[in-house]
Structures are given as structure tokens and as C-alpha cells.
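Below you'll find the structure I mean.
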Amino acid sequence: MDALVRDLFAEICRIPLIDPHSHINPHRPASRTLDDILGYHYYTELAHSCGMDRACLAPEIDPRERVRAILAHMDRFDNTAQYAWFLEIARTFLDFQGERLTAADADHLWNAAESKMSRPDWENDVLRRSNIERVFLTNDFDDPLEGFDTSRYIPCLRTDDLVFHLDKPEVRRRLAQATGIEGSDTIELRKAIRKLFEHFTARGAKACAISLPPDFSPRPGTDPFWILAEHCREFQLPFDLMIGVNRRVYRAGVHQGQDLFDGRTSLIQYAELFNAFPEVTFCVSVLSSGQNQELAAYSWIFPNVVTNGHWWYSNVPAYIEGDLRARLQAVPKTKQIGYYSDMYKLEFGLPKFNMYRRLLARVLADDFVRPGILSETGALDLARCLLRDNVERIFRV
Amino acid sequence: MDALVRDLFAEICRIPLIDPHSHINPHRPASRTLDDILGYHYYTELAHSCGMDRACLAPEIDPRERVRAILAHMDRFDNTAQYAWFLEIARTFLDFQGERLTAADADHLWNAAESKMSRPDWENDVLRRSNIERVFLTNDFDDPLEGFDTSRYIPCLRTDDLVFHLDKPEVRRRLAQATGIEGSDTIELRKAIRKLFEHFTARGAKACAISLPPDFSPRPGTDPFWILAEHCREFQLPFDLMIGVNRRVYRAGVHQGQDLFDGRTSLIQYAELFNAFPEVTFCVSVLSSGQNQELAAYSWIFPNVVTNGHWWYSNVPAYIEGDLRARLQAVPKTKQIGYYSDMYKLEFGLPKFNMYRRLLARVLADDFVRPGILSETGALDLARCLLRDNVERIFRV
Amino acid sequence: MDALVRDLFAEICRIPLIDPHSHINPHRPASRTLDDILGYHYYTELAHSCGMDRACLAPEIDPRERVRAILAHMDRFDNTAQYAWFLEIARTFLDFQGERLTAADADHLWNAAESKMSRPDWENDVLRRSNIERVFLTNDFDDPLEGFDTSRYIPCLRTDDLVFHLDKPEVRRRLAQATGIEGSDTIELRKAIRKLFEHFTARGAKACAISLPPDFSPRPGTDPFWILAEHCREFQLPFDLMIGVNRRVYRAGVHQGQDLFDGRTSLIQYAELFNAFPEVTFCVSVLSSGQNQELAAYSWIFPNVVTNGHWWYSNVPAYIEGDLRARLQAVPKTKQIGYYSDMYKLEFGLPKFNMYRRLLARVLADDFVRPGILSETGALDLARCLLRDNVERIFRV
């Protein structure tokens, strides 16, 4: 990292973050053990992919043994970005001093984690060192949203179940229980969805979100998806669309390690939606650089389409860098949400945002500061726009 | 920009250009006001995309107010490549000295534009400073092609109407009026198309061109597209295929700001065409890097397929650079048309070609000169091949 | 090339290679004339693509004249990666000292080739200078696999004919002759395939391989492809899948210069296969960067999916570099087969592997050593993993 990139990175790190998408459990936001860290599906799936038996992941297995098994496989995937996140966590939060992480570090790391994570200020400490002020959640539609600080952990209505699993009795039952509405016709469904939006917005929800398979194409009418969009309009909630994932592709995979994308999807499938709801801001995440090129074009044209972060299989430096460069050159800066963590535990905010912040610093240096397009100050203003201002404005935080 | 890139760029700028595709109106090629500049759809659509009401674009609005409105929104898209074009125009042609352009510059720029653009030598001056000698046009099939210098402004027969809108009475009427042929069967259509080719080639036309939706697949027979290809063969005109655009995707968008591409298109759809017309050179433009990879392969294999410029949503540095590198490594240099402006007003030739010339200088430096593959002189010969020689040879200018 | 990249490249060159995919004829592995070199389809197709008549390639043409014709067209494609391979061959093996290769070099090169290639140690010499120890072959199913050293030239069962051409009487006849099994029902086909696997594995075959069209999707049951996968499982052979090529797209093209890919293919088409055969390692090659992004995700998730080399139209530096960076950041290092030559003559191993080795050195320097992720030694261990260790382990060599 040369001096300019280093300086930009250091300054970007000073921008206080609002993380616009995560899977944090607000009742237990930080890790309590090393098992919470290495239980993140990236590690279980990578270890399994290079040979670890899924049996280690069974609940009855001693967590220390599970952690040891995952660490024992790390020398097979210590080239990956995900390994680098863990190394950064170990160094930043667990006082790890070594070069590489192996099974030999299992006990030491376990004990360090146990000791540090049990401190009462751990959650605050992690957030402070990551410079994250607020974190968006991903809440089931029947989440009571109680017992946590909704100004720090901002509710977000996740709606996959309502669109894709409404035929399941269990989902019907949960919906009836959450709303008191029993019927299954469109009129009753509308009433139930309205109840959910009322509940969520009353508890400070700032977004509605859904993940969508590659062949999905929303159609006007009585489809639950369309009804959700109507309620986003009425309740003035942005709608996060996470486009392109096929579920359960690798059926014998680990928990959350079974889904894959299909490059053959297009935002043209959403054209009618974008046309029909000019008042709704659609924050769109995609899974490939091919789709990112479409997204850059759609965000450049449609006032209500915004680029949103770097999602899942696209969330590695080689793809972030290209996708980010294109967005910065093609999409109005006010229409780009730079990054979200997608994390399940707070400790991942730091390495994931740092990965993005380093890449952002490099792209700003190479594409804007060095060619004389922006001063360093101007580049930092652009970074703040992506990482903070747009999140505040678009989600009305 | 390091010294080598700077030197290469300076020398590349000395290559006199023939711009092989534009939308210049030869009766009014240069801008007369700042409204002509900022009326370019890139600015109206970007301003609209980040919040400007379309109402400012109505013909009854005072052009000075329209310009002020667009400038007032520029701080929302001053990160984009298109903003950089305008800044370069303001600095090069309008004596702008500042760092950023804002609404506060509206009056000053308006007056500077008015004063400079009214000079009798403005058109020549712009062409000279851009180092552009000749410019291809995009002419409706019923353009009389009269009243301008066809050696400077080279006619090109645009055929979208004939292939996609021949069922419209207005198009039928225009065709009948242009050719004197009334009937609507295939025999009459052939006669009419022949008349058009005779008219265009008699007036110096050097290409036939069409833009095509992503799902189009030409089929042998009586389809107007196939008949056009037959006439390209007979009249020895290259056929510019601009592949992949869906029209009117964002229906409430600004004029020319409604169209978007779909990544899911393939040149295999054109395989029969390329096989059937070995004598016709197809100059192919595509809209995504995915399609560019196919195009590089097709141009490498098919003698009659040539890569053509960097079109529309692909015409931003991040995509040009990758697409250009691949073409330079994979496609015979004699089969690459480097760049065209696609401009509506001459003032855009300079910033758009400069964007390309800077990227070309960098790619030549990094991929050819520094690894010892080419000398600086050799690299400049390659640049001349792409920017000048191939245009002359392929279009017989 | 800066000092770090140069050092890494030099050290990477010291890793003795096993080339895991080629089209070498083990009875005549090295070239005997310059015609063998320039007869490689890359040169014939590039020369044809930029104007050379296919007639030069007819068997009755004097090979010296053919070579002269191809060389005479090289100044039209001397920008390409393929030209660079030939230049490296001429310099390394044929004592060429000049800057550019032209028709004027035809006699000199011809004579140099004739003299050098007739030396009895030529084959060994080429292998030694390329640092290649063993080379995988591509054998027709009815290859007797006799008369060559199968520890140096490792048999591989190529199965395209069995899956796509079994309806041709000639293929049926060859299968009957090779196996002694005549019938055409599934039971007989299974018996015949078992015979082939027995024959091949007895002769040291280490892989089964097939190239597949973009729309192919294997289905469980009696399809020959599925039966082949079952035998790969039983005989513990990895299955090389080369996905995405349409055959005979340019029907008037030169031999082996008629095939092209279609970007619209997805690994989801293989999901059932990957799920059904967890015991079979699938070494997957793809033809575009879009497909590479899918492949990186599939290899990261599926234990039995491995990335395999950089194939054909993807085998140019601009695409290798991006694809390689993504794999190194996303796929466990033990699941990546770095590169194969795909060569028909041994002389191409050196320039093709060198192209890869240079890119690998650069990516390791930029993405791993400079950011402090790996030491130089660690980077070289990673290179060895990709280029040697994984080939040995995955193919049980």
C-alpha cells in the first residue's frame, strides 16, 4: 500500500458507519466463544469443501473440538479472503501475534476469546473499534422486535417467507399468530401484511428486504411480492432486493453453505417493478460482475434503483474492485450504498469493512486522486457519501 | 500518468481521426449554446436519475433555466465519466478555470458558450482541436443527404425502422415517398431497399447500421434484416451491428434515457448470418464485458467479424480498459475498430476520444511496451492501426 | 516486471511440472518441422481470420509454402498472445534473434527447425527446458495405448464420441472393435464402457475427460454421460469437464478453428451431477470470465468440484489474470489446478506455461506478498500447490 492509499484508508476508517445489512441477533450481537466466530458459514463451508466431515458441525460435538477441526483445515484455504478476515479478527481482537493460524492455535485462541468476550463492554468495544454506530438487522416477519435498542440495532422486515413459503402451514400459522389474521385469500393477506408493516415501522424498521432466485420476475397483481412493494410505497420503506440466489443447490452442504448463483439472470425481469413503483427506492444487490454491469446501467437510468454493497460470492476483493470501479464511474454518487457487512456476529464488521475500505482507498487513489479528478479531500467526501451519507438519507436513519 | 503513458498519449493524440459512428446532424454539427451540450442524454438522464424533474426538459422551458437545473444536480453525479467529459469541454472549449462545476457557473458558461460558438470558424476549430478529420453520420433511410459536405460528414444508412417498424403506416409512407415504391410484399420491399442503397452509395455512404434487441436472431429468407445484409454484400457496405439494447425499459425516462441492455444475449444468434455473408464485414458493437469476451472470440475466428468501439453502457473507463486489453491480446489488430464517438454534437469528440486515448496509452504501456513486446514506435503503429488505418480500409474511406 | 515479480517468476519456473491436459501424440510428441509448429490451429485460424485463404492448408501444399503464407500474415496479428507464444518458441528453441517475425524469416526458421528438431534428444531437451516431467494425453476411447512410456505420457480417456456421437455407425463400429461388445442397448453399453475403463486404467490412465456444449445438462439414468460418471466413481478417476463449446459454428473455418462458446451457460446445469457423485472429483474448465465466477463459487462450496486451468478463449492474459485472482481469493488452494497446456506439440509447453507463470508471479506479488498476506516463500508454496501438488494428489500421479 503506497502512502496515498494508506492515508486515504486511515481517513476512511474515521468515517462512522451505519451498517445497512446484517444478520445480527440483537439479543446476542457479539460472539461469546471462538465457536461463534468459526461457526460462520464461510468457515464451515470452506473447511467442508476441502475435506472436513460435516459431522463436526453437529450440535452434540464439543465446540472446542469443532473449532480445532476447522482450524486444522485452514492450511487448505489460507489463501482465501475469508481466512484473511479471521486472521484480522485474531490479531485485532484476540491478541494473536503469529503469521499463520493452525490447529496448534486452537487452545490459545479459544481461551483468549473466552476471556475477552466475557467482558461486559465487549459488544461496545467491538463496535467502537470497528467504528460502527448502528447496524441493520434481518428480522423474521413475526419477530416481536422487543428487548433491544432499536436505535442501535435497526429492524428490517425480511420477507422471503411471505413470498416463497406462504404455502407452508407453519408459515401460515406464524403469520396468523403475528397478525391475528387467519384467512388465506388476497384480502386477508393484505391485511396481514399491513399489520406487519405497522408493527415494524412502529418499532423503527427502516427497510424491507428479500432474497430472490435467478428466474424470479415480479408480476403486477395479487402476488405477495407485489403487495409488499405496495406497502413499501405506503410506509415509505426502501426495498432491498438481493437478486440471483438458488437455494439448496448442494444439498449435502453445511448449514447456509448450500446456495449458489446462476449468472443467467437479468434486471430486465424487474423493469415492470421499477416502472410501477417510482416512489419506492430499490436497493439492489447482485451476485456476479455480469449482473453488476447491468446494475450500474439500471442505477444510472432509473431514479429509484440504487446499488447496494457487494454480496456473498461477489464479496471478494477481485470482484469488489472491478464492480466498485464501474459504479464509481457510471452511477451518481448519491445512488450508491457502498458496503454492508452481512455479518452474524459483530466481530466480522471490522475485517469485512476494512477489506472494502482498503479497496475503496485504492480505487479512489488510482481512478480519482492520481488522475487529478479529485483532491484527497474530495475523495474522502466521496467515500463518506458511499459509506455514511447515502445510508442516512436513503433509509431515513 | 507516468512519463511513458503521457508520451504515448501525446503521440496518439497526433493521429488524425476518422470517427466511424456518430449522430451528428451535418447541417448543424457543432453546438450553438450550452443547452446543446447539456441536452446530451447522458446529462439529462443522470440529472433525472438523481432527482431532477423531467419537466425542466420540456421545450417551453427557458434553455438557460434548464442548463442551470442540470448544473445544480451535477454535484450528485460529479463522480461519473460523463461529468468528466463535460468538465473537459468546459476547460478546453469554454475557458473554465475552476475545479468543480456547479449551478453558480451557469451564467458564465452560458455566455462563454454563446460567444465562442457563434464564431464562424467554431465547427472547424472544434474538429481541428479534436484532431478529427471526418465523421460518420447516422442517417434515416429517407434522408436526402443534401446540403452538406459528404467527404467530411460521411453518410451511413441507419436501418432500425426498416427492420423493426415497417408495420407502422408512417414508416411505410416515408419509404414510399423516399423510393416511389408503394407495395408491401417482399418483391416491392427489395426494390425499395435497392433504391435506398443506390441513393446512399451515390451520396458517398460507407456503412449500413442497425441497433438490435438482445433476443434478436436473424433468419435467412424474406426478413428485412436478411435483405439488408444481401444489399450490403451487393453494394460492398460494411454492416454495423449494435447488439443488445432493449428500448423503452424505463418508460418515464428522459428522451433517449429509457433503454437498457440485457446481459443474456449471445453472438451465436448471429452465427448463421456470419456464415451466410462471408463477403460482408460485420462491425459489431456490444454492451457488456460478457458479450465482449464472446466478440473477441468471434472476431478471432470469423474473417468477416470486426470489433467496433466501446458502446454506451460499456463506454466507461473500467469497462473499456478490460475490453480493450482482451481485444488487443486476442483479436488480429487489423480487425479492430478502436473507438467511435457516438456523439450528437462535435464538442464531445474531444473528451470521448481522449478518454479512449488515455486508456489506450495505458494499456499499450503496461501490456506491450513495458514487457518488451513492442517498442514505443511499435505501440504507436498499433494505435494508428486501431484509430485510423482500419477505419480507412474497412469502410473504404 | 519489477524485481519481486521477476524473482517469483524465476522461482516458479523451478517447479517441475505435470501438465494435466494436452493433445500430445505420444508417438510423435515433439515437432519435426516448422509446419508442425505453425500448423497449430491458433496460427491457421488467426491467419485465416485476417485474410489467408484456407487453400494454403490443404495437405498437397508444400509445407514450406504454407509456413511462408502464415508468416506473411503475422504482421496482422502480431499483437496477440498467440503470436507471443510463437516468438518465444522461435527465440528459445530456434535461436531467433530479431524483433518481429515476418515472411522473410521463413527459410531461416525452417532450416533452424529442421536441424534442431532432428536431433535425437530434441524431445527430452524440450521437456527439460520447459521443466515438464509428465504430460497428460487425450486418448480416443479405442486407443490401444501401446508403444509409449505411460509414466511420462499419461493416458486420459476422452469420451466426447461416446456421449455425442454414439448414433454414428463408425463410432459404434470402433466401440465394438475396441471392446468386443456389439449390442447397442444400455446393458451392452455399460459392459463396453467398463471394458474401456479397465483397459485405460490398466494402462495407467489418470483421468476421464469430455468437452460439452453450453446447453448440455446431464440427467440421471441411462445417458452415456451418466454411465461414464458412474465408472469414474468405480474406477476412481477424476472427470475433466470442459464446459461451454459449440462445435462447427464457423463452418468454413480451418480445422479446429470452427468452434465458439456461448456465454449463456451455467454450472447449475451440473448441480445434479455434482450432488449425485460426491466421490468423483470434477475438474472443471470454462470458457468465459462470467462462467469463471460461477466456477469459483461452485468450487468453494462443492467438495468435489475443482477449478481446472484456463481454457481456449479464456487463455489470454487479460482473462487469466482476472480469473486467477478470483480463484486465489475465493477457492481453497487445494482445489485449484493452476494450468494445463492443451498443446499438440511439446514446444508449446514452454511459452504457454510461461505466460501463466508470469501472471501467477504478478498476482502473487500484488495480492499476497505486497499486502503482507504471504512471504515470498509462502507465495512459492502456493504456486507449487497449484502447479504441482494438486495435480499429483487429485489425479493420483
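Per-chain residue numbering starts at 1, and chain names A, B and C are given in the order in which the chains are listed.
Just so we're on the same page, a contact is a pair of C-beta atoms (placed from the backbone, for glycine too) under 8 Å apart; a residue touches a chain by one contact, two chains touch by 3 or more.
What you see is a predicted model, and the numbers here were worked out from it, not measured in a lab.
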Have a look at where subunit A meets subunit B and say same if over half of the interface residue numbers show up on both copies, different if under half do. different
Given that subunit B is a copy of subunit C, what angle of rotation, in degrees and a multiple of 5, matches their CA positions? 120
Where the centres are mean C-alpha positions, what is the separation of subunit A from subunit B, in Å? 39
I need the residues of subunit A touching at least two other chains; which ones are they? 264, 289-290, 322
Residues of subunit B that touch subunit A when the two form their complex: 1, 45-46, 48-51, 76-81, 84, 99, 246, 249-253, 257-258, 260-264, 288-290, 313-314, 316-319, 322
Could you please specify the touching residues of subunit B with respect to subunit C in the complex? 264-268, 271, 274-275, 278, 289-291, 293-294, 296-303, 322, 325-326, 328-335, 367-368, 370-371, 373, 375, 382
